[in-house]
Amino acid sequence: RYPRPERGLLSRPGLEEVFAYRRHVDEAVLGLLAADRLPAEAGGLIELGLHHEQQHQELILTDAKHLLSRNPLKPAYQKQWPLTAIRAREPRWIAFEKGLREVGHSGHDFCFDNETPRHRVWLDAFRIASHPVTHGDFIDFIEDGGYRRPELWLSAGWDAVTAGGWEAPLYWERREDGWHLFTLHGEVPVDRNTPVCHVSFFEAEAFARWANARLPTEAEWEVAARDASRAGNFLESGALHPLALRGAPAEGRLAQAFGDVWEWTRSDYGPYPGYRPVAGAVGEYNGKFMCGQYVLRGGSCVTPAAHVRATYRNFFPPQARWQFSGLRLAREA
Amino acid sequence: RYPRPERGLLSRPGLEEVFAYRRHVDEAVLGLLAADRLPAEAGGLIELGLHHEQQHQELILTDAKHLLSRNPLKPAYQKQWPLTAIRAREPRWIAFEKGLREVGHSGHDFCFDNETPRHRVWLDAFRIASHPVTHGDFIDFIEDGGYRRPELWLSAGWDAVTAGGWEAPLYWERREDGWHLFTLHGEVPVDRNTPVCHVSFFEAEAFARWANARLPTEAEWEVAARDASRAGNFLESGALHPLALRGAPAEGRLAQAFGDVWEWTRSDYGPYPGYRPVAGAVGEYNGKFMCGQYVLRGGSCVTPAAHVRATYRNFFPPQARWQFSGLRLAREA
Amino acid sequence: RYPRPERGLLSRPGLEEVFAYRRHVDEAVLGLLAADRLPAEAGGLIELGLHHEQQHQELILTDAKHLLSRNPLKPAYQKQWPLTAIRAREPRWIAFEKGLREVGHSGHDFCFDNETPRHRVWLDAFRIASHPVTHGDFIDFIEDGGYRRPELWLSAGWDAVTAGGWEAPLYWERREDGWHLFTLHGEVPVDRNTPVCHVSFFEAEAFARWANARLPTEAEWEVAARDASRAGNFLESGALHPLALRGAPAEGRLAQAFGDVWEWTRSDYGPYPGYRPVAGAVGEYNGKFMCGQYVLRGGSCVTPAAHVRATYRNFFPPQARWQFSGLRLAREA
Amino acid sequence: RYPRPERGLLSRPGLEEVFAYRRHVDEAVLGLLAADRLPAEAGGLIELGLHHEQQHQELILTDAKHLLSRNPLKPAYQKQWPLTAIRAREPRWIAFEKGLREVGHSGHDFCFDNETPRHRVWLDAFRIASHPVTHGDFIDFIEDGGYRRPELWLSAGWDAVTAGGWEAPLYWERREDGWHLFTLHGEVPVDRNTPVCHVSFFEAEAFARWANARLPTEAEWEVAARDASRAGNFLESGALHPLALRGAPAEGRLAQAFGDVWEWTRSDYGPYPGYRPVAGAVGEYNGKFMCGQYVLRGGSCVTPAAHVRATYRNFFPPQARWQFSGLRLAREA
């Protein structure tokens, strides 16, 4: 295997060769599928591969954003700004009763193995915010000294603040006329009304403490999001940036649970009770990463809409910031 | 504050000055206590301080062991070997029914804030081993290529194996006549009958996978250990090393749940539902470390006996090996 | 200024835009030159720029070679192999008398400031080899345990061997049928007859000790090379690899002093007596790097022929290996 | 061999055991010497060992100073301050003619192998300052922005300034009433009249550029110091700190060439022409370090007086600052 830190040193074939290779693979696979000559287990593997490919489509956009951000010319991937002029709404708290719940995937639709088995979990009563924390909320946190008060942070989070010189989420720049941030549309002034993104687990957790709240567990999120609308600002909307909340959310339902920003939960990424990875190489896909990462839920503005589910478990290390990652607050009842 | 990596560079007062300072502090505190002149909240602080001191008493022994192990002369802290000649027993599986349980501390005895609040948790039926994994079991794992088979390991665990050149637990040396290990009694041949220790979470987790089992969650451990005997091989026994199981364990009860070795669980160290750190500086004691660490239960052969409880949550990073840390297997029912 | 370690992250314009920009610059400069509208000092700056550009032409080839070498497919930059089938000759020792000599550049031709002022230096009698050390010589060194005997190495050199796991010069691979090396023609079997290249100062210095010789000082090299032929295997030959010695060298003259491989000397790169950097930004060009580097002389098979002189001082850190750097032995008389 | 970075982890015998061991060794060696039972070559080895021991006596003081400086209480090794109240004198330039000179050790007195062979060297005419640069001179450099002007520094030197956050020599602290520095007498106000010390080669080199001068080469220093008085402020004076110049220096002679502070030269530490290390393990003593270090001359206030000579070559890496290292300026004639 080629050492990961040196992958960037690999010289690559030209664009035309890459396209030709892709056409070759597409045609060969489609030919096999059309001829129905594939063994049964190959179908499952191809389906898994397609979902894996969707993950890379998202990563290509977040990686491209990161690359463009390092360029002093701050080039835009597309130009379409301002996206809207909607004003933020005050979030409401939505209450959920205590009780024994079921979480995890069931049924015959595709899911990754880490979403299984469906299992029972006891939840104490809790409240969860009707919509995600906004850029405006985060400016208030910054202006209240959020990045300079160690008592708000996990110890490892404060180490990250200090070592990285963090003073704001990734891609923020303080200019004379206020905070700006780099987007796939180039650098723009911060819009207070949109969900905050590019925060790490550490920043999400510190913000929640500052707000006298906490992050939800992944079980709480899944139970709360069960009845929320699946419609949302996904890759297909073309906005490539989180949008402000349009229209009042239905009473007692979460708004923007799906799309806009991945939402950090307080749950470390571990195996569900009774979890068994698939045998063979495919079994390495998820289980071996169940250590030192935290779960995010709901998908973002660069996730394909068909890719996510209420039971979908995304995961990243607590210091990661280059995904469209935000948060939604929770509290005890 | 003095930078932590440079603390080893601090020149220190002589031993007599240190003892004199300690006498001064002891006498002053005892004077205040005798005169009953302390405000109420100071009592709680002193009690917390005493429990904190017990933690450092344990760390002094594990740190001294590490220091002596780096010395080519392999000096012993004390000499008393062999400790016993007891043979290992086959572990049995002890079954627990599914159901809604309560875990966490209640009542008025001292506990750390991280053991609260007591709360409900749903447990599926599970089985847990009657006693911890032994050095003999771990030799079998090593001889079966345990440290050379990446498929047994978490990804971060395999990184640790590779980066550290791990081929056995900490302090093991392969000699012509078999495995030896460094103990507080100097270097001795490995005794197959005693609980294995100085394994990281990564090694415990890989061993469990190899044994077609898993680590228990901390809730499972606490429920299973509730009726186990609190007597055990603690600091006071003077052995300073885990001992083989003496006498058959009572039917349906865990043996060696307390003392001998800290037992890794599969649970990351996080806040219990409704957890609130104490206000003020003391509140930084536990909560701020709730990230990136795993829970260990039960105390070890260098823990003061009065220090642990069934609800006690110890925690270390997954690569830590210098504590007397071992494991007990669990399985689905 | 953009941080150097992140330069590789910069996204770049497309190839056509790059060519267009280059045409634009070329035309503008040529226009100014044709119109004779440039101030006098600009002429010197343009001349310096052209020589600087020649250095980058060489670096582009050595960097491209390094990049291609990291690619598991080992792609060739050009294919033209074997280059010749000439056999190596035994080197002879050429003797130089002791005496007061002059070194450094004089006259009105272009030179870099670090080649001045011309100055006197006392040289004891010495002998220098008629041609550079060959790949065959270096295989003998390797097979005699050269990379496993610390007593042959400078202390910092042995650290480099250990830290880098060096067992041969850069780009060498041991295959079943002997040593192969990666070249701009792809991977080829080592040709014993050609000058060795891609060795660091450390390897050159250790080889010389093994051979019961030493590296020449830069003053010795310059005095010895003064009468050598300037013709040689430079970039213009198209070989892009050092070649075996063709024809017997003239009696008492160095062969292959120019071209083929840069030759490490034992001299650290420092200021000549009375050296003054040019005032202004151009003065930063050479003087500020006069610390911790060693001087190489003579040019290589990827250096433009018009770029070098007998007084030319190239310099690299002692561990650098990606240039076409070799060595020539010297001895006391 | 025990890995160097872990040496600080070695537990050590108690002080009494150390003294007993030392007595044992002393008595055994003295017994052998008295009985005249040693082979001839052992005598040379013992003499070398004694000179090596003197080097460690100096290092113990510079290491102890460094350790005490890391202690927030800033404890003094001894208290005796102020040392004197002598005012600084203006340095004069002393001129030396061009010519062929001899440097290096000759005769039968002890010397290290790196001081041999004595050899000829051509020197252009030069001037050298009558006494070393003072703390007062260095304050002027600092106040003129010396540490903030990259054009004054070697490239590697500016990297050291930036990475280390250097704003003054080692041990300096800016207080409200001016610069203070930590000495073996505790923290004291800077005395402008004394030779500056604890500067790196980089700082010495930058200071010289700022002063429109340069560092001398080691050959220039040795030629210039040949007729200077060997008396000076060495370890035996007990001052443990450089002292101001007492009495006018003799006309045309260097003052304070020996003692007070080691003086950085512009010469990298390399082999003299014809240098051969002694055969065997002792030969590793000096030659293997001849790379990446710079030569210092003259001894310091913590060097035993009998340890140095005009030909003595000390050497340290260019960033080292914990020795009593200062400088003396030179200029072209």
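Labels for the chains are A, B, C and D, by order of writing; each one numbers its residues from 1.
Here, a contact is a pair of C-beta atoms (placed from the backbone, for glycine too) under 8 Å apart; a residue touches a chain by one contact, two chains touch by 3 or more.
Just so it is clear, the structure is predicted and the values come from calculations on it, not from any experiment.
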Going by the stated contact rule, which chains contact chain A and chain B alike? none
Look at all chain centres (mean of CA atoms) and spot the one farthest from the centre of chain A. D
Whole-angstrom distance, CA centroid of chain B to CA centroid of chain D, is 51
When the C-alpha atoms of chain C and chain D are each averaged to a single point, how far apart are the two points in Å? 36
Report, in whole Å, the distance between the mean C-alpha point of chain B and the mean C-alpha point of chain C. 59
All chain pairs satisfying the touch rule are A-B, A-C, B-D, C-D
For a test of understanding, state which residues of chain C touch chain A in their complex under the given definition. 2, 6, 8-11, 67-68, 70-72, 75
Of chain D, residues touching chain C in the complex: 100, 119-122, 124, 151, 153-158, 201-202, 205, 214, 217, 266-268, 270-271, 273-274, 284, 288-292, 318, 332
